[in-house]
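In what follows, subunit A forms one complex with subunit B and a second complex with subunit C.
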Partner chain A sequence: MHDLKARRWANVAAIYCFLLLLSVLFMGPFVFAFLSSLKDNPTEWPPSLLVNQLRPANWAASYRLAKQGGGNGFTGGMGPGGSLEFEVTYWTSPDQEPVPPDIVIPKRVQGGAVMALRVTHWAADYVQVADLEEVRREPSADGFLTTYRFRLVNTGDVALDTVPMDLTVPMRQQFVSATLSPNRIERLGRTQSWNNVSAGLLPYVFGNYARVFRENYSVSTGRGLFLLWIRNSVFLAITRVLTTLLFASMAGYALARLDFRGKGAIFAFLLFSMMIPQQVTFISNYLVLRDGVFGLSRLFGMPTLLNTYAGLIISGLVGASSVFIMKQFFERLPASMEESARIDGASTYTVFFRIMLPLAKPPLGALTILTFQGVWNEFFWPLVVITSPADKYPLTIGLLNLQRAYGSATFDWGPILAGTFISALPVIVLFIVFQQYFVEGISFSGTKG
Partner chain B sequence: MGRVSSARLREKVAPYVLLAPFLFSLIVFFGYAFARVVYFSFTEYDLFSAPRWVGLKNYLNIFRDLDFTRAMKNSLTFMLVVTTAQTIIALLLALFLNQKVRGIKFFRAAYYMPSVASSVVVTLIFIWFFQKRGVLNFLITKFKEYQAIIWLFLLIAAGINILLVAWEKLRRRPVSLFEPSFAFLGILVSFIVVFSAVRFGFLAPREVQPAEIIWFNTTKTWPDFLGSLSFSIPLGAIMIFNIWTTAPTFMLLYLAGLQDIPRELYEAAQVDGAEGWHIILHIIVPQLKPITFLVVTMGLIGTLQMFDQVAILGSQAPRSAVITLAYYIYSNLFPGSSTPRVGMASASAMFLALLTALIVYAQRRVIGGESDNA
Partner chain C sequence: MKRLTLALVVVLLVSFAASAQQVRIGGHGGSDTIIVEEMIELFVKPALEGTGITVQYEPISDDFQRYIVNALSAGTAPDLFYMDIFWAGSLISSGVVEPLDEYIAKSDVLKAEDFIDTLVDAFTYEGKIYGIPKDFNTLALFYNKDLFDLAGVEYPSNDDTWDTLYEKLEKVAAIDPSIYGLALQPEYARFGALAHAAGFVPIGPDGKTNLSDPAFIEAFKWYTGMAETGVGVMPADISQGWGGGALASEQVAAALEGAWMIGVFKSDAPNMQYGATLLPKNPRTGQRGNLTFTVAWGMNAASANKEAAFKVLEILTSEEVQQWVLERGLAIPSRKALADNPYFLQDSAEAQANRIVFLGASDGNVLPYRFGQYGGEWMDPINQALSAVMSKQATVEEALAEAQAQLDALMGR
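The block that comes next holds the complex of A and B.
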């Protein structure tokens, strides 16, 4: 008896071990990629899970430095007359005399030439170094640890949002630590480099995320592209959810519960359409949109529907599989539901809108989630329809654009990964909140056999 | 009289009114489109001047196009490997997750999560993952370093497991070879032994060069012994992350199917003395036939349409290594700087449609299962 109980426990433990192992397999790449999206260099070798941006000491320092500089602790900046205090520690061997670092505020901005155009005030023109002094020297393992302290002062009367800094020391004098961990260490360890010492907590931790929003702007309008892409995707998803819900339930109801000529043929045609790949019909659909649906769009002053949301919405009014899901649902409702209303002389429309539609909340919920996810993740058709300008891209096409922008010469993976996670966030949140609907959606679409 | 008939007319028209938006979609964006692509496939057309009838020329030309044959081979290999692997993995996952332990719902959700993200998100993450100095190559390096130790660990674990099972069998107790509690015990003991051996210096990881496998920018193929049947490494990488995202979706379908199997079936089988693998092979798998049919059909259709990953990889992988039928069609319609070849695109699209229909039909004959409510 005792043996059996012990064995049952061991069984459960084995199951949990295996569950955890599989979690690592399925969630691992996602989690690792997310942690790396915070890093300055997501392709460092060896890849590590120690992220400077996740160390509480750096959180406190970035908040404090921005505060001292006269900016907001969370969002950063350096106000006029602001002054911040910085400490840095180096190691030297016993036979070497430590030298104070050479401090430079470079004219540097992340994001290259496109971003340089947007800088109105360079920190290099206003920020000066003051009171550089040695504050401590203590013996360590096999040498000395020397700490220097200095202040950065904004001598101008303008607010600065970025204060980059480079410290350079002679060979063999090794960097140990600083008030805020440097973003990069270059020239065989001689130069320690900070993107922004007055970044503030959020831009410091989510540096790559901030870059995605800041560095992608439309050259013609000057507006931030990434925010526009998000807005476009939200707009498209909501519109298409609404049209799908309405039209799919109308068609599903008619196919499930009404008798009319051609019903069988329409349904057979629907099933056939579900088997044909999108890449077959898109050739004609592209032309249909180009010519404005047989010229009809000219009536609304649009010569073509390419590069318009109207085109995407009209071509995606309602999908065959959504109609199929609604038809399946309405077929399962008992006939008595509408019979009494019919006897009272209600019309088909009344029966549909007043009686049947309110009953359809569960499948409509699943359909909402499925459609939202589908539109949000859609790639092929928007790639064909929306080609320019970049302001009109939905998020998926925007991400492709982002990958090209940061992947032209050398891959700058930070912003690419950050953009990726921002775009995945809405569906992940939806998934966590409405998990049940996702599963139902799968089994709804799973009944199509 | 007039009122009554107009009301009756309204009732007669009502179904068509309700269907109107869907019919518009179906007719314009599917029926008309399909018919027109059939027509285009017999013409030469560049999107601007009028189409010119050329008969079967496009169908002959696509087979002479090296890109097309490559695309076909890539698509078919991709379809075979991914559909097989994801179906088996999904079934195994579902069998394993079909238990009543606390928190199982959380794990199901966790496994499913990667599947809700878009193909762009997943592809970008995996491109990063598969970099030359990326996480995967790092893991491979680590595996090489610890290879001997890992094998030793597995060997000891398996040994303990077999000893325990043999002991139970000797005492004539019914026990499965894969008894989880024994497996757990074996792994635990083996881990402690190997870990302390490494900790106290009896075993040390091997020094190896970091793995620098190039996953995307290469035309090398794998596995070598298959000759011309082997696939390119970039395609293999796409296969890996495709399976990774689709297997959990199909797992959910299998789970739903498993929960529909009546308990009495298991109990009857157990009374008959069936155990472990017998139950799975002879009771569960046949019961899941309709689901398997569905999973394989959806898998075949989905994998034959693979496009996104190729487009997102873009110039990072050689075109010939990853081109698929769907991408071939797209690149004929939008060839960048040269003139669009709508005829070729349409002919290959028809080929894709036909191929899909044939393969789905063939598997219907092979698996033969058809769900009852179809």
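The block that comes next holds the complex of A and C.
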């Protein structure tokens, strides 16, 4: 008896360990990607889990520094006349006299020459260093720790959103700590460099995320592109979900319940179209869109459907697999429900919209999620159809644009990682909230998607 | 039914008549989008006022070559588009790019001789000019001053030959086992400049490549020899993807790179004390070598409004636009006249580096970064040989014999 109990517990433990291992395997890359997307150098090797941006001391410091500078503690900035206090500690060996750091406010902006076009006020022109003094010197293990304090003062009458700073000390004088951890250490340890000492809490912690929104803008309209891309993707996904729900349920109902000539042939054709890979019909689809569906789009004043949302939506009104899911569902509903409605005098439309559709909530839910996820992640077809301007891109193509902007020119992976992470969020949330529908979607169709 | 057909015809006619003089220009996405759109706002729109011509930039995020080939065959390509020297040849030989000589002859502002000769030559096929270079890059020797200071060695200079540079790099590499002199990217895109300095020509007059050319072997041995002695290192061996990354990480003292390094320094190592000099001279020939990487504006041969497109092209390649681009450090201009621009005389490391890259195009054996109709395939055997020798998987003789065999197979096809 006792033996059986022990074995049962051992089984449970084994299963839990196995599940734990699986969840680490699945969640590990996700957590790692998130941590990396916060880092100053996401490609650092070996990767470290101690991210500056996740240390509470830095949170407090970034909030306090922005507050002192006369900006908002959360969103940052340095107001006119603002003044913030900064401390930095160096280690020197006993035979070396510590030297106060050389403090420079450089003319620097993240995002390269392109962002420099947008800067109207450089911190370098307004911010001055004041009251540099040694405040502490204490012996440490085998040398001295010396702390310097100074203030940065905005002498201009403009508000600055970025105040970069570089400190340089002689060789062998080693940096130990500062009010705010530096974003990078350069010149063999001599220079400590900050992107923005008055960043504020959120831009400090989510620096790469802030950059994604700030650095991608449209010259013609001046609007931020990343938000537009998200909006475009949401619009496309919702439109496609609506058309899919409507047409899939109507077609599925017709195929399942109505009797008409050629039904078998249509269904066979539907099945056949599911078997053809997208790549085969790609060129003909492209030509159909280019000519505006045999010239029909000219009736609406569009010479071509390329580079339009109409083209994307029309070419993806409904997928054969969605029709298939709905047909399978309607076939399983008992015929008696429909018959009783007909006896009461309901027309086919009434039966469909009043009786059948309300019963079809579970497959419609599954279809919603599968379609939303499919459209949200769709890449190849929008890449071909939507070419310009950048305001029109859906998020997936926008991410490709980010890769061009950061990956090919400067190997600046932070914003790319941040952008990718943002694009993954909606689907993850959707998955967690509607988990059961996903499973149902699989059981309805036999396959995913 | 008749009425419907009539309406359809009317609609069709109206939509044809309404097509205004819109010039579409296609180029890279990413940061180019902002640069070109800014250029259009500042220069193109004011200049075209009253002509009825409008301009639209179409940035392509995807691989541009793939896009333009597809768009040209589908008939949806823009009127003006970027042409990279690396693949322009195949487009031009298929006849989809408009030759520009007639337009240039009629133009009062655009003259081919105003542009750097090697760049215009790169887009000249069978005596006809197919592209107006918009900007370019060459290789320079970028170095980290801190590491040279630490080693107590003079900075590399324009007088250096391969031998004197080697001595300097050797001393820097002696500081510490984790520090190397030169980043040795195993690619013809870097090594090629040295081969050209020695007198090597990628594709000879007979249409063949001869890797047993003593000039090639000399350069090959100098380059790979540094990996053997530890004076140089392949970036991959210090977990860096490319030479520029290795230089920015402060593990190597110098790298052969183009002006793109300036942007990399700005984002990855903004405080690096870097300098740039012309590539070292080959001690035997006394010449430098280089590769030009350039992009031109080409015109779509099937464009409906070529005259308008050429007007836009004139503005986009005008001196004032190029000056604007240069003064913001966005790209290096292709016009000769800008060699004397005050920007180049500034003291900043950035302006100096840009000047060196600019000068690189007209000093010594400078060849465009293109390899007949073979494209990247031509470089692969050589890149593999470089990599094999530097990772000690093959001797120089074995690797070159293998590469020659592959090239013969490629070019004999």
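Operating definition for what follows: the second predicted complex is superposed on the first by the 444 of 449 C-alpha atoms of A that agree within 3 Å, B and C clash if a C-alpha of one lies under 4 Å from a C-alpha of the other, contacts with A are read in each partner's own complex, and residues count from 1 in each chain.
In this text, contacts are C-beta pairs under 8 Å (C-beta built on N, C-alpha and C of every residue); 3 or more make two chains touch, one makes a residue touch a chain.
Treat the numbers as computed from the prediction; the structure is a model and nothing was measured.
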Check: With the two structures laid over each other on chain A, which partner does A:Thr168 touch: subunit B (first), subunit C (second), both, or neither?
Finding: second
Note to self: Under the stated touch criterion, which partner chain does A:Leu65 make contact with: subunit B (first), subunit C (second), both, or neither?
What the structure shows: neither
Item checked: Which superposed partner A:Tyr286 touches (first subunit B, second subunit C, both, neither) -> both
Next item on the list: Classify the contacts of A:Asn377 with the two partner chains as first (subunit B alone), second (subunit C alone), both, or neither.
Entry: first
Margin query: Once chain A of both complexes is superposed, is A:Arg187 in touch with subunit B (first), subunit C (second), both, or neither?
Written below: second
Margin query: Applying the document's definition of touch, where does A:Leu400 land relative to subunit B and subunit C: first, second, both, or neither?
Written below: both
Note to self: Applying the document's definition of touch, where does A:Ile15 land relative to subunit B and subunit C: first, second, both, or neither?
What the structure shows: first
Check: Of the two partner chains, subunit B (first) and subunit C (second), which one does A:Arg108 touch, if any: first, second, both, or neither?
Finding: second
Note to self: In the superposed model, which partner reaches more residues of subunit A, subunit B or subunit C?
What the structure shows: B
Item checked: Partner chain(s) touched by A:Ala33 [first = subunit B, second = subunit C, both, neither] -> first
Next item on the list: Indicate the residue numbers of subunit A shared between its subunit B interface and its subunit C interface, in ascending order.
Entry: 45, 286-287, 383, 400, 403-404, 411
Next item on the list: In the complex, go through subunit B and note every residue touching subunit A.
Entry: 7, 10-12, 14-16, 18-19, 21-26, 28-34, 36-37, 40, 47, 93, 96, 99, 101, 104, 107, 109-114, 116-121, 124-126, 128-129, 131, 133-135, 138, 180-185, 187, 210, 244, 248-249, 252-253, 256, 290-291, 293-294, 301, 304-305, 307-308, 311-312, 314, 316, 325-326, 329-330, 333-334, 342, 345-346, 349-350, 352-353, 356-357, 360, 370-371, 373-374
Notebook entry, point to check: Within the complex, which stretch of subunit A touches subunit C?
Noted result: 45, 106, 108, 110-114, 116-117, 166, 168, 171, 184, 186-188, 190-191, 193, 217-220, 286-287, 290, 295, 298-299, 301, 303-304, 306, 383, 387-390, 393, 397-398, 400-406, 408-412
Checklist line | Residue ranges of subunit C in contact with subunit A within the complex | finding: 8, 11-12, 15, 19, 26, 28-31, 33-35, 37-38, 41, 56-62, 67, 74-76, 146, 150, 239, 241, 244-245, 250, 260, 263-264, 266-273, 328-330
Notebook entry, point to check: If you look only at subunit A, which of its residues touch subunit B in the complex?
Noted result: 6-19, 22-23, 26-27, 29-30, 32-33, 36, 42-43, 45-47, 243, 246-248, 250-251, 253-255, 258-260, 263, 266, 269-270, 273, 275-288, 293, 315, 317-320, 323, 328, 347-349, 352, 373, 376-380, 383-384, 396, 399-400, 403-404, 407, 411, 413, 416-417, 420-421, 423-424, 427-428, 430-432, 435, 438-439, 442-443, 446-449
